[in-house]
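Following this line, the structures themselves.
Below, chain A partners chain B and then partners chain C, in two separate complexes.
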Partner chain A sequence: MGDSKRHRILMVSDFFYPNFGGVENHIYLLSQCLLKLGHKVVVMTHAYGNRSGVRYMTGGLKVYYVPWKPFLLQNTLPTFYGTLPIIRTILIREQISLVHGHQAFSTLCHEALMHARTMGYKVVFTDHSLYGFADVGSIHMNKVLQFTLADVSQAICVSHTSKENTVLRSGLPPEKVYVIPNAVDTAMFKPAAERPSGNEIIIVVISRLVYRKGADLLVEVIPEVCRMYPNVRFIVGGDGPKRVRLEEMREKHSLQDRVEMLGAVPHAQVRSVLISGHIFLNSSLTEAFCIAILEAASCGLLTVSTRVGGVPEAYDMIVLAEPDPTDMVQAIKKAISILPMIDPQDMHNRMKKLYDWHDVAKRTEIVYDHALNCSNQSLLERLSRYLTCGAWAGKLFCLVMIIDFILWRLLQLWKPAEDIEVVPDIVLSHDEDRGISQDFQAFNEDNSLR
Partner chain B sequence: MVESCISNKIYSYKHECKWPNSEAADVHSIIVRKSRSKGFLVFFSALLILANAILLFLIKDKSIAVVFWSFIWDVLIVKLLLQKPVEKESVVIMPALGVQLETHYVSGNIIRRFVPIDKILKPVLLECVTPVTCYWSLSLIVQEEAELMLVFKELHPPVKMLVPIWKALCAATGSEGSLNTFTEDGPCC
Partner chain C sequence: MDNCIAENPSPTRAKWRKVAYGGMQPGFDDNHTDECFLEGMVMNANVVKRDMLKVMQDAISISQYLCIVVLVGLVWTYTLRSTLDESSLLYLDVSLLGSGFLVLLLTEEMLSLNLLLHYLVNVFFFTTGLFVLAPIYQTLTRSISSDTIWAVTVSLVILHLFLHDYSGSTVTAPGALKNPTLTSSISLNASVVASVFIASRLPSRLQVFAIMLFSLQVFLFAPLVTYCIKKYSFRLHLCFSFSLMAMTLAFVYTLHRLLFVLLLGLLVFVTVVCPYWLIRMQEYKFEINGPWDEAKLCFDITD
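So, the complex of A and B:
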């Protein structure tokens, strides 16, 4: 840790364990690495079913599952000011210095960032996805993002393409945006000891079978490849609305013995599915940063992917194609021809050097240092930033922030900060006989309480 | 014999040892302090509302119903805001016998719950999260019960008052008080 300060970070997002996904994984792994660097990390998310209240995860990671009901796609109901009391309580009791929000689609994240700014905390935002500009949903989401990011201290994007997308959508100055790609857990994704032998070449596809992930492209590509190469087999893992189309394709071209449909694959079994193949096919139509490709490369598979979004930035040994069936078939042809020259262990080692969560954590720590060095601004200075968001929108945002400020002051009068008790820090001690035990030092020292 | 006393704005904590010669019982109480300023404020605002209603009736010739309804409203808010149903809650620890949890109401009603010592697996200090706040609570893990038993059902005393009670309960039930101080599940109200 050396001379850098110890930060106390609150990660906020609607998406966290027990939900599985890219954002959830990112928050968890980043938090673990930051804990190892010596910082304090607390996560706040909404309650998942019965899972409500305070939980502790590996390494002493404290998670607050706040009992607000999700209303749409795991998003908390946006009430603008409803979450102000609980966020204020958590920020004071954990003595947080910095709030880090994840994912533009998370309403809890936007509300938390807004309240944190009102209360004077420094704020960092990470955007994980690419969004459009044209449809009604995107237009509204971009406006909300513009509001949140008008006053953010720093922002992080997962690829340069994503940075371009975020800067255009939100009007944020590019100097404030850092690019820190996701990483992959190379310890978990190891290649098989021996490659699958035989004459067959096995192409693996694992993705959600939805329009966005290019399931329709697969429907065109698979029969063509099977026709051209009699020794190629496909394994398709994942589920979704487009699964029906793939099943129909199988029936139509009688490919039942050449295309195996696995259904939804739990995250723990992804590696075993990957190591049964030689080539990984990704047909997404849009992707900010594709972790699936990294996982496949870490397992020693040669990747064929569509040239979209942040995919070309991942690493150099991907065979790229335009999102067009003919082009993709050509790419698969090229991949099959260079397959004998690929060494899985070599690919894995390269991934290990290029992508590491500890490296991501160190870079994020630098962003936190910059954020905390930003100057404190008064309410009036901050309001002037909101006015630039648009003719009507700017004034509306200012009004929202003024009301938030007034509500915060009233809350301070009703429930003063001195009444909120600070939680003592957890000190993890490793005990060989009893496993990891945790110790509230302050509770054992009577003097400090009286 | 009063052994220790901590207080804050709303609650005060008292630890007494009944029959100090034999170690028969240890009483820990959390008492709700009377707040004079709150009472004054409530009565004053009630008076204001009634005065306003009477003025409206006499000067602006509104019907008597206004006075009647404002009087009802006054009675309601006085009842709601000034009624302190709970006077104090206490924990009587009788080593080797059990723990008695008492709730004393202002009306004179006392509700007692007794838990035998061998049914208590462990006393735990937990954080409860509600949609608007987060507070500490002291609970008992009881054998053959799916739910935790809250020691203080009505009151939410601060953690500095809960810790000595928790330590005393740990000592009485024989569980380790200093390490492994929290469990992963809890009743989060």
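So, the complex of A and C:
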């Protein structure tokens, strides 16, 4: 699987291990698959507590935990130019050819992409979430995104709905946006050897219990379903501000023996919770691409979900419902009726064919090839792109980029590139037979060592 | 689930589908943009088309309230200059109270004798309370310089005007459905504090009582009275507003020329320029909705 063109990629995001989440898993698994394809991948993120400096993860993945503390919701303090020296050093040391930033909400990503463009590197940006247009936070975020994407080489979105959303928010031409979905680790999420027996039907819910994930819908739906079907039980995993409401609902309808609240479920135990059920319920109000549904389907559960965002595109065997309690109860009813016809092993095998991280890595490689073929542009040509961002914003963005350029030149005089030591390439000799499942097992062991 | 169908240039090329599973679709790149791109986008779905005349009529409520506040300011100025003495102030208070009640009686359909008695008892308690507490107001700000008092009063009145609820009234009849919002409560409190500051500058106790009663009457009940007039008959509301504006302009003219010009300019700005500006800005409105929106819950969350 050697490549004629070996890329040297720097992944930048505020969200990485030891945090767990969609973006974190995506970066890690994508990096592992790219390493397998023969590319060099380095990850840059901020320090997590005491975890600061350079660390190596499975497969020789080098992670720079830059000593900047997060200040708000896992984001580093945006200082515009403060990260320029360290990013320049990393880019020169590792001889990076391409910078790949993740998640629009990450300040480190925006800063890194800005500095990388100033220094002439090609950049790729992946957007993982959907945002609105109307509230104050979204308006500012969209302006920042417009700035970053004004001069990006290529962009990747995780679903077609996300592509539409990103194109509208940032004003990018649609041809520049590639749709490469996330995948699911089918080796880890295997169905149980035997289905949970008994005549009880167990519905599993695992999500953060916040407003965005539809915890309020759960509060309305669970009592109704329990009333209609005496043999249905619920298992609710996850924690959050809405947990109190769910506990209150449990008390009010006396469902203590029918609704089990597990609290926060560590990532390594998600599979064991999933295989104890028959149906998976997802009630989110907005979702760019729901990996939870794929994990549940890979474990052989039948999924019931709200029809929002990119959920209809993720899988065809989902029972969809409008985000309305009555509709969701109907959907659960339909799911219970078709449950006997579902074979968990069948669903798992199907999922193996439909989603694969290696496929995602190959498609991402194509995006990298296109990005590197983009023409080099001088500062003046790039400034004209920023001017289109708005009457006042365009000029402000140009000013920011000009100052960045000047600071970069000063840095070149102060610390010439020849003085920065280049890291030699270390090729780990790994078994060709070593499957990716062993990598993920190692990943899980890393988790438990936290 | 929508299945977008692409055109078939050749029989062997499969149709493009708007799905994420199954890897790269054969024959299509990952950045393929189909004709059904942005098909689900809905623009300006909830935008209401405004009519210039209607907006101007609504703006009259704002200028009417502005004039009421200016009249209160005038009474304050005359009292502080000792042009207006206690007895005339007290006559003014009683006449305002009487006319307010008359308007309420004539315009409110569901006013029963019980409710009226309830109102009268409340007003009696209110007045007695103010009379008893008047000595406290009189000595409240004795140690503070006059400049501070004028500055704070003016800022509080401006705050009151900015945050005031012009569509309804904060003090409502008992049994009203809408709760007052935070900003309308803040504006009411600002006006009350401004009245207290002005009252504390007066020399005699009776004057303090009279001016407090006048200010509180106007700030607490004028919105309710004007709201009842507007609800009853729109033409009456328009006549009332125009006569109020004329009266205010006349009084300010006799007081100070510059203030008259400023007030006239402000009234023209609020009644004519602002509606025109609003209608001009409406064409830039671009509201986007689509499948990426966060779903709205159709039920209320009751904790």
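FYI, the second predicted complex is superposed on the first by the 425 of 450 C-alpha atoms of A that agree within 3 Å, B and C clash if a C-alpha of one lies under 4 Å from a C-alpha of the other, contacts with A are read in each partner's own complex, and residues count from 1 in each chain.
Basically, a contact is a pair of C-beta atoms (placed from the backbone, for glycine too) under 8 Å apart; a residue touches a chain by one contact, two chains touch by 3 or more.
Here the structure is a predicted model, which is why all the values come from computation and not from measurement.
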Contacts of A:71 with chain B and chain C, given as first, second, both or neither: neither
Contacts of A:93 with chain B and chain C, given as first, second, both or neither: first
Partner chain in contact with A:245 - chain B first, chain C second, else both or neither: second
Partner chain(s) touched by A:313 [first = chain B, second = chain C, both, neither]: second
Chain A residues touched - chain C or chain B, whichever exceeds: C
Touched partner set for A:20, first chain B, second chain C, both or neither: neither
Partner chain in contact with A:52 - chain B first, chain C second, else both or neither: first
Contacts of A:174 with chain B and chain C, given as first, second, both or neither: second
Partner chain B, residues of chain A touching it in the complex: 52-56, 64-68, 82, 85-86, 89-90, 93, 419, 421, 423, 434, 437-440, 443-444, 446, 449-450
In the complex, chain A residues that touch chain C: 130, 132-134, 158-165, 167-168, 174-181, 212, 214, 216-217, 220, 245, 285-286, 289, 306, 308-310, 312-316, 320, 323-325, 353-356, 359, 363, 366-367
Chain C residues touching chain A - in the complex, by the definition given at the top: 1-2, 18-24, 29-31, 33, 37-38, 40-41, 287-288, 290-295, 297-299, 301, 303
Partner chain A, residues of chain B touching it in the complex: 6, 9, 125-134, 136, 158-160, 163-164, 178-182, 184-186, 188
